[in-house]
Amino acid sequence: MLSRVIEALAPRRTVQAHCDIPCGVYDPQQARIEAESCYKIIQKYHESDDDVFRKRCIHVKEERAELAKHHIDVMWHDYFKPEHLEKFPDLHEVCWKAAKQASQVKRTVDLDAAQKLLDLIDRIDHMWRETNGPASTRMQQLEPVGANKATQ
Amino acid sequence: MLSRVIEALAPRRTVQAHCDIPCGVYDPQQARIEAESCYKIIQKYHESDDDVFRKRCIHVKEERAELAKHHIDVMWHDYFKPEHLEKFPDLHEVCWKAAKQASQVKRTVDLDAAQKLLDLIDRIDHMWRETNGPASTRMQQLEPVGANKATQ
Amino acid sequence: MLSRVIEALAPRRTVQAHCDIPCGVYDPQQARIEAESCYKIIQKYHESDDDVFRKRCIHVKEERAELAKHHIDVMWHDYFKPEHLEKFPDLHEVCWKAAKQASQVKRTVDLDAAQKLLDLIDRIDHMWRETNGPASTRMQQLEPVGANKATQ
Amino acid sequence: MLSRVIEALAPRRTVQAHCDIPCGVYDPQQARIEAESCYKIIQKYHESDDDVFRKRCIHVKEERAELAKHHIDVMWHDYFKPEHLEKFPDLHEVCWKAAKQASQVKRTVDLDAAQKLLDLIDRIDHMWRETNGPASTRMQQLEPVGANKATQ
Amino acid sequence: MLSRVIEALAPRRTVQAHCDIPCGVYDPQQARIEAESCYKIIQKYHESDDDVFRKRCIHVKEERAELAKHHIDVMWHDYFKPEHLEKFPDLHEVCWKAAKQASQVKRTVDLDAAQKLLDLIDRIDHMWRETNGPASTRMQQLEPVGANKATQ
Amino acid sequence: MLSRVIEALAPRRTVQAHCDIPCGVYDPQQARIEAESCYKIIQKYHESDDDVFRKRCIHVKEERAELAKHHIDVMWHDYFKPEHLEKFPDLHEVCWKAAKQASQVKRTVDLDAAQKLLDLIDRIDHMWRETNGPASTRMQQLEPVGANKATQ
C-alpha cells in the first residue's frame, strides 16, 4: 500500500528519460544477487573435495558473473544520466572497475575477488540511492538492514 | 559488515540442500523487479498515443513477464523444500497462480493484472521470509520500507 | 492427412485457455528429449577415460538438464489447468519432483538419477495423455511403440 | 521397459559419431513442435480481431519459427552424416528449403506457408526414420498414429 | 598465410591481460554489423506500407540494437584498458554515448538515430585501431575500403 | 562517406530477397571472429598449466564454437540463394563441412582443428565476396590486408 503511494509521488518525467522501453525500473540488487552467487560458489568450491562438484562450480560461476556484468552495464548506460555524472565524477570509473572485476571473478576461485566485486556493486548501489534511485525506479522500497536510515 | 556476520551465522547445511550448484542464493526480488517492469510498461502504454511506442510495449512486456515467470519457477522448485510445504500447504497453489498470472500479464494491457502478479509474488516473498529465507539465502539483508519489523 | 482431420476435430475452446499466446501446442517430449540427452551423456561419461571429454560432459549435461527443467515448468504452469488438478491431485507433487530431479541430474553422474528423471517425465506424459493432451495440443499424434493402445 | 531394451540393442558406434558431446539424441519432433506453434498462431491470428493479440502473434511466431529453424539446422549438421547423403542425395536441398521456409513463416501470416514448413520437416523426419534414426538416437520410440508400420 | 604471420608477431602479453578467458579476440565490427541491421530495417520500414512487415521491423530492430549494445559493452569493459584511457580521455564518454544511442535506436524509426549510432561505433573502431587493436586482437586483418592506409 | 555512396548504389531488390526481416546485412566475419576465439583459446590452453584456467577454456570454447556454427548456418540459409548455388555447386558441401568442423572444435583441443574451421569459413567468405556480398549486404566495405584487390 505504502509502496504504491511512494510510487505515485515519484517524479514521472525523470523516469521517462532513462530506460529502453522506457519502463524506468532499475535496481543494483540484480547485479548483487548474481555476485553473491559467485561468492558462495567460490566458498563452496574450497569446502569441497568432490571433483565433479568443483568442475561445475567453475562454469556455473562463469554464467553468474556474466549476469552480474550485464546488470552492471544496465545500471551504467540505462539508469545513470549526465546529471548523475556531474554529481559523481567517478561514475564511469566505478562502473568500469565493477565490470572488469566481474570478469576477474570468472577467472579465479579467490574469495577476495568476489568480495571486491560486491564492494564495487555496493558503490553503484550508493550512487543509485543518492540520486533518488529507490523512489524513482522501484515501486517497492527496500533498505539494507542495519543501514543508517538518516543518511539514505 | 553486519550482513557478513548474519551470513556467517546462517545454517549452512540447510543452504546446501536446495539449489543447483548448490549456491544457495535466492531472492523473490528478482521476480518482483521484472513484474514491476510489466506494471510500469502497461501504465506507460495507456499514457501514450504513439503507435511505435505502444507496439514496443507489447513485446518488451512479454520478455519481462517471461523473466518474472522464470524467477517464480526458480523459487518454486529450487528454493522451497518439503519442510516449507508442510508449513505452507498452499505453496504449490500460490506459485502456480503466480506463474499463470505472469502468462496473463503477457496477454493483456490491464494494469490490475500486473498488480495481481505483484501481489502473488509478495505472497511468495512472505513465505520466503517466514522460512528464514533472507538470512539463509542472501548475504545482504533488505527489508521493505514501512514493513512491521517485529513480524519479519 | 489424418493428423489434420484429428486436429480439426480437437476442442478449440479448451486449447484457447491454457497457453501464453495462446498457441495451444504442448508435448512432454520436449522435456524427455533433453532428459534422454542427460542419460546418454552420463552413460558416455562413464565409458570414457578422456579428461577433456569428461569435462565437457559435466557442463553440456548441465545445459540439457536446465532445458528439461524449463520444459517441465511449461507443462506445469502452461498446459495443466485447475480441472486437471482435480483429476490428478498429485499433479503439483509430480511436477515439483520432476523439476527437482532435473536439478539433481545437473549435480551428479549417477545414471539412476537420470532414469528417475525420465520416469517422472513419463508420469507427466501420462497425465497429459489422460487429459486429452495429444489430440488437443498437437497437430500430429504420436504414440510410444509397444504402448497398449486400448488404454491411451 | 521396452524402450530400454531397444536402447540397449541400438548400434552404439553409429551414435558416437554424429553429435557434439556426442550425446547422440535427435528427434525432428523438436522442429515440428515449434512449426505447429507457428501454424496455430497464424490460425488464431486470423480468428481474432483483437489488436494487442494480433501484435503478440507476430513476434511470438517469429521466436517459434527461429526455434524451428535452429532444430532443422541441428538435424542437418549434427544428425545427418555422409552415408545419409549417399542414400538421400536431396538431403541438403530439403534441409535448405525447410530452413528458408522457416524464415518465410516469420514474414507472413499465410497458413499455407506454415503447412509447407510442416511438410518439409516431415520430409526430414522421413529421412531420419529411414536411416534408423528412432532406434539409434532416441531411447523412447514413438510413431505417428495411423502411420503404415510396415513401411517404417 | 599473411594473417598467420601478423598473428605470430602480435604482442602476446598484452593480449593476455584484457579478456575473460582471456581469448584476446575483439572487433568493433560485431557492434557495427548489428547497427547496420538497425539502419537497414529502419530504411525498409519507411519504404513499406505492409502492416505486418512494419510490426516485425519494430521488434527485430529492438533485438539487433540490444546486440549492438552488448558488443559496445564488450569493447568498453573487456578490450579497453587503463593505458587506453590515458591515450583517449573521452573513452568512457564515447562508449557511454554509443550504448545510450543503441537504446535510442530501439525507441525510434528515425534513420538519423541509426546513422548516429554507426558514427559512434566508428569512433570506438578508431580507438581500437589506434591502440593496435587489429594486430593484437584479430588473426585476420581487415581494413575499410578507401581508408587512408598511411593513417591506420 | 564512401561506404554510404557504395551502399546507395547496391542492388536493392537482391537484398530484399534473402533475409528474415529482410534486413539484408550479412558478413562471414561474424563466424570468423568466434572461430578465431576458439583458435586462441586452444593456443592458450596448451600454454597454461593452471587447472582452473584449462577447465574454463573447455566450456568457453564450446560456447564460442556454438556461435561460429550459428553464424555459418545464417550464411547458409539466409544469405545464399539458388542462383549462388548454381555458381558454386559445392556451396552446401562447404557449409556442411564448416558446421561439422565447428562441432569438432567443441570436442578437441587440437589447434589444427581450429585452423581447419577458419579455412572453411574463409571459403564461405570467398563465395560471399564472389557473389557481390560485400557491396550488397554491408554498408561498410572491408578487405583483408594483403589480399589481391584485382581478384576481389
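For reference, chains read A, B, C, D, E and F in written order, and residue numbers begin at 1 within each chain.
Simple rule for what comes next: a contact is a pair of C-beta atoms (placed from the backbone, for glycine too) under 8 Å apart; a residue touches a chain by one contact, two chains touch by 3 or more.
As the structure is a prediction and not an experimental result, all values here were calculated from the model.
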### Message
Can you report the angle of the rotation that maps chain D onto chain E, using C-alpha atoms only, to the nearest 5 degrees?
### Response
120
### Task
Select, from B-E and D-F, the pair of chains that is joined by more C-beta pairs in contact.
D-F
### Message
Counting only Cα atoms for the centres, state how far chain A is from chain B in Å.
### Response
17
### Message
Quick check: how many Å separate the C-alpha centres of chain A and chain E?
### Response
25
### Task
Indicate the whole-number Å distance between the mean C-alpha point of chain A and the mean C-alpha point of chain D.
41
### Message
Show the residues in chain C shared as contacts by 2 or more other chains, in ascending order.
### Response
20, 22, 55-56, 59-60, 106-107
#### Entry: Topology of the chain contact graph, where touching chains are joined (line, ring, star, complete, other)
other
### Query
chain A touches which residues of chain E in the complex?
19-20, 22, 69, 73, 76-78, 92-93, 96, 99-100, 103, 106-107
### Task
State the interface residues of chain D toward chain E in the complex, per the touch definition above.
55, 58-59, 62, 106-109
### Query
What part of chain A is in contact with chain B in the complex they form?
2-3, 6, 15-16, 20-25, 27, 29-30, 32-33, 36-37, 39-41, 44, 56-57, 60, 64, 118, 138-146
### Task
Sort out for me which residues of chain E touch chain D in the complex.
52-53, 55-56, 59-60
